[in-house]
Amino acid sequence: MSAAGASVALSIRDLSHGFIAPDGRMRLVLDGLRLEIATAEIVSIVGRSGAGKTTLFNLISGLLSPGTGRIEIGNQRGGAAGFVAYMLQKDLLLPWRTVLQNALLGLELRGKVMARHRANATAMLERYGLGAHLDAYPAALSGGQRQRVALTRTLLTEPSILLLDEPFSALDYETRLMLEDDVMGLRSDRGISVILVTHDIEEAIAMGDRVVVLGGRPGRIIEDIPVRLATAGRRDAANAREAPEFRAYHRRLWAALKGTAEAPDSAQIPETAVPGI
Amino acid sequence: MLFAPAPSFAAAPQRVVIYQAFQSLLYLPLYVGIDKGLFAAQGLDVRKVTANSGAAGVAAVIGGNATFSLQDPMTAVLANLKGADLVNVALVVNGAPVWLVTQGNSKLKTVDDLKGKTISTAIPPSTSTYLLERLLKAQKIKADLDTVQIGTEPAPMLAGRADAAALYEPQLDESLAAGGRILYAFTSHYPGGYAFSTIDTQRATVKDKPALVQDFVSGLAAAERLMHRSPETALAVAYEEFPTLPKPVIRAAVQRMVTEDVYPAGTTITKQAFANALALQVFVGNIKPGEVHYEAAVDDDFAAKADH
Amino acid sequence: MSNAASPAPSAFGEHLPSFLLAVLVIAAWQAAAMLGFINGHLLGSPAGIVISAGEGIRSGDLISNTAITLYETLAGLAIGSLAGTASGLLLWFVPRISRPAEGFSILLNGVPKIALGPLIVIWFGSGVSSKIWLAAISTYAVAMISATAAVRELDRDLLNLFRTLGARRSAVLRKLILPSALPWIFSALRMNIGFALIGAVVGEYIASQNGLGHEIFVAGSLFDLNTVWLGIIVLTMMAMLLTAFVRLVEERLIRWKSGP
């Protein structure tokens, strides 16, 4: 069970998944994964290329159905059903809609957009510094601003779990730190859990309460390390990297990753999303 | 280069290009002349090119791509009004070979019955359409014209979109073979002759190469005499030139045109024949009265010598 | 961003050289005709064209013929583009026949529409409907191929996003596919203006009672080259105006394309 009686946001049990290779045999990508994520917890998942990160991402987001095993999503604080919302490196904003219209997209596809939704969205956009750009088109915004709009869109649907696939790696360092702070703020503001799938060990440590290492072929959970950093004041993206323990975690994770055999032929494992719905 | 004033069998035959408006049964005299060696006997190697329209043929003569062209003489006359200098030298199609036809089961009996009906006819400028328009005006009949590509006039009638059609040959005999009926024949109305299709050439050619022009007209005259003497010969050439037409249709059409003098007995373009053709163009409004004269448009010296 | 020393060129200034060139060509042509270097009667002259235009406007024939050809072109363009675009987009609903259907339409596009002309005229008569059909057929394949390509180029991740947000297929069509296909649809439309015009004019050449193509055809047979030139000029102007109009609409609707 998870720590301190906090409720479980996501529970993965005995998850295995594979595909039929061109030669007709079943290739296992993930083997017997077991993972639990608590409410308001940030978990980073790292692994080498071909370890099955993308497959795991697609399974959690619901784009793929598990071969065997279960993925269970816990209810939200108010009792409503929980669900996973995800963000990619691409912001996936619709170029023909304004910033505000893009933010409202998630709500729009689920039902009618009311005045309070609009007010909500406007407030959130303002909080992210986009108040002056509500009627602008995405093409006029910077990459960082666009990802913030995407974040707003994602949050407005009130998910219980935010699943991120390196959404900030294409941005400049300063913007990236800003957005990392945005995400870290979510768990205290809203009780949202965050699953961060990433290549970047530094980001994994800076943001995560735990770091999970995926490795081997087929992919298994090799390590599950809680992260405790002594920061000056509340932890944020910048001071996390300054913490004395940071380098030690980094070494440990780096060693763990190096120890896992790189998939000899990572090209064989398809990393593309195949919608299972 | 090698040119003998009189037909000389020792010299190589001279190459002559003639543009015809269409490959048509009406132009059989030309084909008889070529296929039966009557031009060759005059020392000429005649090549025919199908132009797809009368105007294109005349343009070829003006441009120097052809020595002669075969089409409505009025096309050359119209070009002259725009500054060309062409002259008509020989008659190929006489009379007005246009017929109004209805389907066998049609209720139409006379021309008057065409009031308020639809008649399919060739897209202008086509003599058939002009003749039809003039007939309708003269009889004060109002009818709708469905203008289609020449040669496809029966189609709207067969499709039920038109009640009658203005046809040339072989469409006439094709329709008759399919059970159609002649409502009106334009051929019987021009006893003095009608210059329907003629050979024209540049006046400069007449001046610079009179022997060439004479040889051509003489060859043509010989063909026309042969057709009247021996219609079977004409028929044989027609079978060769139109292999896709049913033989009975060709036979009926050729016999009809020989009998009705549509294939003329000689190459002379008479004043009357020319005047009849001119009157139609004046009616339509393409030519103003008094604008065109026989003497300027026709040079009948060659025909006069050839017809003896 | 221009400094005071060198003002930015105006639109007028940009077009002045081509305008002057056109004036020069026309003047040379007229002079050649007047001086007898070319036969102005037979080959046409600018003055003759203007006279033909004047007569055509006075008698009303030029206006009515232009209106008819314009109508045929627009109707054919609308029908072909709508049918083609709809086919291309809706095939997204039935992906299994999308590939073979696209192959079929490429085959169809390979058939020279001009060759179909006489056939269509025989089927539909010599009135405006056959010209509209010809124009529609000429434009259908391009519209369909464009729309199909637009759907295929759609970002897979966007599609997945819509799906995970719970959108129904009709919502995906309306809110994702249609807006993203607009640039493709417009460029196909601009291309199709020419094809529709050709279809209408060729139909008129083959069989018609009126229209600009009919006027050009008959005038050619009567050696009235001035009217032929006039017809060609009016057709060209028609094509240019239609294209400019489509561009205007395109810019309005696709405002979002302009970046910082």
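In order of appearance the chains are A, B and C, and numbering begins at 1 in each one.
Just so we're on the same page, a contact is a pair of C-beta atoms (placed from the backbone, for glycine too) under 8 Å apart; a residue touches a chain by one contact, two chains touch by 3 or more.
Nothing here was measured: the structure is a model prediction, and the numbers come from that model.
Common neighbours of chain B and chain C (chains touching each): not present.
Each chain's centre was taken as the mean of its CA atoms, and the one lying most distant from chain B is A.
Here the chain at the heart of the shown protein, by mean C-alpha position, is C. Taking each chain's centre as the average of its CA atoms, chain B and chain C sit 40 Å apart.
If you average the Cα atoms of chain A and of chain B, the two centres end up 86 Å apart.
Here the spacing of chain A and chain C, counted between their Cα centres, is 50 Å.
Per the touch definition, chain A reaches chain C in the complex via residues 61-63, 85-86, 88, 90, 92, 94-97, 105-106, 108-110, 137-140, 157, 273, 275, 277. Of all residues in chain C, only 39-42, 118, 121-123, 125-126, 206-209, 214, 217-218, 220-225 touch chain B in the complex they form. On the chain B side of its complex with chain C, the touching residues are 53-55, 58, 62, 75, 78-79, 81-84, 123-125, 145-149, 152, 155-156, 159, 161, 286. Within the complex formed with chain A, the residues of chain C that make contact are 155-167, 171, 175-176, 179-180, 182, 254-260.
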